[in-house]
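Once you scroll down, you'll see the structures, which are given as structure tokens.
Look for chain A in each of the two complexes below; its partner is chain B in the first and chain C in the second.
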Partner chain A sequence: MSVSSAKIKIFLKLFASLRLDRFDTAYREYDSGTSVAGVIRIEGLPEKEVTLMLVNGRHVECDHTLADGDTLALFPPLGGG
Partner chain B sequence: MKKFIDALKNYAEGDLLPLEAERIIAEESDLTIAEMEDAALCIGILPARYARNRNTISIAEQRILFQSSVAVVGCGGLGGYIIEELARIGVGHITVIDPDSFEEHNLNRQINSDMDTLGRIKVTVVSERVLKINPAVTILPLAEPFTIKNGARQFADIQVVADALDSIPRRLELAEVCEKCGIPMVHGSVGGWYGQVATQFPGENTLQKIYSRYSGERGIEKDLGNLSFVVPLIASIEVSEIVKILLGVGSTLRGKMLSLNLLDMEFTEISF
Partner chain C sequence: MDKILRIDMGAKGGPKMTESPLGEYAGLGGRAMTSSIISSEVPPLCHALGQDNKLVIAPGLLTGSAAVMSGRLSIGCKSPLTGTIKESNSGGQAGIAMARYGYAAIVLEGNPEGSDLYKIVINNKGVSIQVDNSLKMLTNYDLIEKMKGEFGEKIACISIGPAGEMKMGAASIAVTDMELRPSRHAGRGGVGAVMGSKGVKVIVFDTTGLKMRQPKEPEKFREANKKFTEGLKSHPVTGKGLPAYGTSVLTNILNEAGGYPTRNFKTGAFEGASAISGETYADLETKRGGLATHGCHTGCVIQCSGTYVDKNGKFISKQPEYETVWAHGGNCGISDPDAIARIDFLDDTYGLDTIEMGVAIGVAMDAGVIQFGDAEGAIRLVNEVGKGTPLGRILGSGAEVTGKAFGVERIPVVKHQSMPAYDPRAVQGMGVTYATSTMGADHTAGYAVTANILKVGGFVDPLKPDGQIELSRNLQIATAAIDSTGMCLFIAFAVLDQPETFQALIDLLNSYYGLSLTADDVSALGKKILTIERNFNMRAGFTAQHDRLPAYFSKMPLPPHNVTFQVKDEDLDKVFNF
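This part shows the complex of A and B:
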């Protein structure tokens, strides 16, 4: 199998309001080389509503490239007081 | 002074100092309540208002709290409860910062908003309440906004800053000022069924990570609002963090964030 056609399996976890009308957790397959920003786009998540991203429990920026078997957790911004 | 110390020992009931004894001693001396209680704590006599603290917070720790200074930035939902709990636990110096007055839409969650306080300046109302609860507390009300420019002055002599703001950019500015001033900051924020708390020490840039992709002034609370039971829960966790920092006990959320989802009852801890 060539690298370009390889798929990666990601465990995607949505937190707080991101899961409303979506899902809490799901296994997803993406093309190899997909970034966190790519997942946000593919899943149709509102860009402004995802501000904290963790891969395997560690904070990452949205250009982080995912690897097969990663767990990706996405959080929305809370700003109320 | 010896006469005063003798009076404290004479009027104390065991190692507790009841309010009535404070009143009598105040009439016999020219000391303020704060000076009297500090002296009492110094010789191992506990003001009786703290009687239910004593098996968890020692008299020596109670004095540390009494000599501590905390700034609460924002006196609305989170801030109202944070200030209430700091005053009751016995933090001796509280600076409260907020330029706003109480409005009708505050009534669903802000403890100091009621029919009598609508339209009144928030820091004035909370100061009055603190002195009703605990007249030994020194409260400094600042009816002005926190800004990058004001912050260093507002936080002079402050040991911990509590974030009770309602704006993401202001929070990032608060984190920046705390960083520059070398002050630990306890962050809390809410929206709908959700809340989060984090503790940031200088050099950690935790807030920048939490809000790394934010744009705009507000978060999900813009659509979801803020609920009466979420606000005091987050405020209470913030106060527990503040007390642990001041006393140097326990484990804090330093370098972490606790995310609370009360709809699904999920509490998730994140490490940065």
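This part shows the complex of A and C:
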């Protein structure tokens, strides 16, 4: 099996408005090398509304490449306090 | 707002009132007003519950006008909890009424002899101060029912519950909302205890026939208000996130980021967070027939509050705020949204700061008084506070007294005030604000969560010390200024991101007062307020060594990121170098 066809398993969490008509949490499989932007595209999430991205509890940018076993949490803009 | 009402509660022969022009306090509102009066008139070394302390209530500069979001009022005093100067801020309807009566400040001075309890009634005939001992130890909700029976529904009230009468360090001052519920609170710093020491149970404003305050330049004002409203409605946080999910929308992201203080600040993630998140509360409110989108005062366009009901549709409390849900929830290992809402109601009706109470109970749980996760036990403890049992008195004195009484090392306080819902090890900008704020540990004083977690106004890595000093400094300056306008602090989400919305805020002030302030002037106002407050605290005995977190935050790593607070002491000392 070539590297490019390997799959990575990601625990994907969606919050606030991103959950509507979707899901709260799910285990997903993507091609190895998939970035956060890739997940947003594959899952059909509204790109502009996903502004906060955390991988394993740390903020990342869209171009961050995911690794097998990562937890990816996606949020729309939030505030409060 | 051209006058100050002073009531000397300690005058010989009974309370004596005087009305005076603003004099040296002209042009000030909200926090600028309260901190200026306290700093000039209260001896910094006085006992906070003694006759020399004053309780100053001041609407913001725009409160009572048509400006949206402008209904906040500030309550200031020397704090019996912290020993520092204090400004505690609240929404609700009373600030608007007070401003429309023309009062830029109401100052309660002196302490009455004897044990009489007073109510102050302000209507179109003037001000009357009456002994009413039938109000003694009434809860806030019972008190307001009684006031409605006496004065009708067109009133707004500022009141204390039993906790304020018992002069507890966690005692709040309640302000009624649009439904005449005493659900909005100047929560922090024991301001309710100072009102209790003045012998004042309630201030009732008759709102019949009150007229909106009018700007000097109506056309410009109208235009600025329109732009400001558009800015708030178009920003995703103030226009979408907050109205839909309320402030508890923060629960999940703080938890994901590992900065959600759990079980008395032992870990930064709570396995029960989802059950008490903003998403869950909004869902329950919608399904059960409560209300997920609601404002706390007339003119609010963000509408971050709501009404929380039980599964039979019966009112439990207003939608509990994020800090409340955290303090009584994750911080105590409790994940039952109904139990937390019931505690929120108890805190409101006894007149208690939900943050101080939740942290005090978390400390008591750490000591083994009850177990983490024991929701019924937590309700019992809050009831003990309301009744004033010996255990209740300890808890009602706040987290630090509770920790000392039970021999606990981990007491998350700065300047004797408990930390709110962000662990300073995983949100290091908040650590800087907690350490250095003139108010003791206070999230609103410089809300670094914006850039640390929410990527509002830029991004500063929350797990590292770099950039946190400057972030906290700038936010503390901006906040002090906003707290003087009467604006809800949540406008900051839009103002930080959208220069045109910030300009609209300045235009509102300028057109209302016929001024020509610039952004630099607003910043200068914030610096001036902080300097006044720092000066009071210095004279009250506070030094650089008080601008520190408890030592364990630098020693005990916080899971899951296993970080300690990394900002150096010498850098903390630079926060106010402006």
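Following the convention adopted for this analysis, the second predicted complex is superposed on the first by the 77 of 81 C-alpha atoms of A that agree within 3 Å, B and C clash if a C-alpha of one lies under 4 Å from a C-alpha of the other, contacts with A are read in each partner's own complex, and residues count from 1 in each chain.
The criterion applied here is as follows: a contact is a pair of C-beta atoms (placed from the backbone, for glycine too) under 8 Å apart; a residue touches a chain by one contact, two chains touch by 3 or more.
Model, not experiment: these values are computed from the prediction.
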Worksheet item: So, does A:L45 touch the first partner chain B, the second partner chain C, both, or neither?
Response: neither
Discussion item. Quick one: is A:C62 in contact with chain B, with chain C, with both, or with neither? Answer first, second, both or neither.
Written reply: first
Practice prompt. State whether A:L78 touches chain B only (first), chain C only (second), both chains, or neither.
Written response: both
Discussion item. Taking the superposition on A as described, I'd like to know which of chain B and chain C A:I8 touches: first, second, both or neither.
Written reply: neither
Worksheet entry | Touching partner for A:S17 - first (chain B), second (chain C), both, neither | both
Worksheet entry | Overlap of the chain B and chain C footprints on chain A, listed as residue numbers | 15-17, 19, 24, 49, 51-52, 54, 57-59, 73, 75-81
Discussion item. Show me the residue ranges of chain A that touch chain C in the complex, using the header's touch definition.
Written reply: 13, 15-17, 19, 24, 49, 51-52, 54, 57-59, 73, 75-81
Item to complete: Within their complex, state which residues of chain A touch chain B.
Response: 15-17, 19, 24, 47-54, 57-59, 61-62, 73, 75-81
Worksheet item: If you look only at chain C, which of its residues touch chain A in the complex?
Response: 235-238, 240-242, 244-250, 252-253, 256-258, 269, 274, 278-279, 304, 322-323, 443-444, 447, 449-450, 453-456, 459, 461-463, 489-490, 493, 560-561
Practice prompt. In the complex, go through chain B and note every residue touching chain A.
Written response: 74, 76-79, 163-168, 171, 188-196, 209-226, 257, 259, 261, 264, 268, 270-272
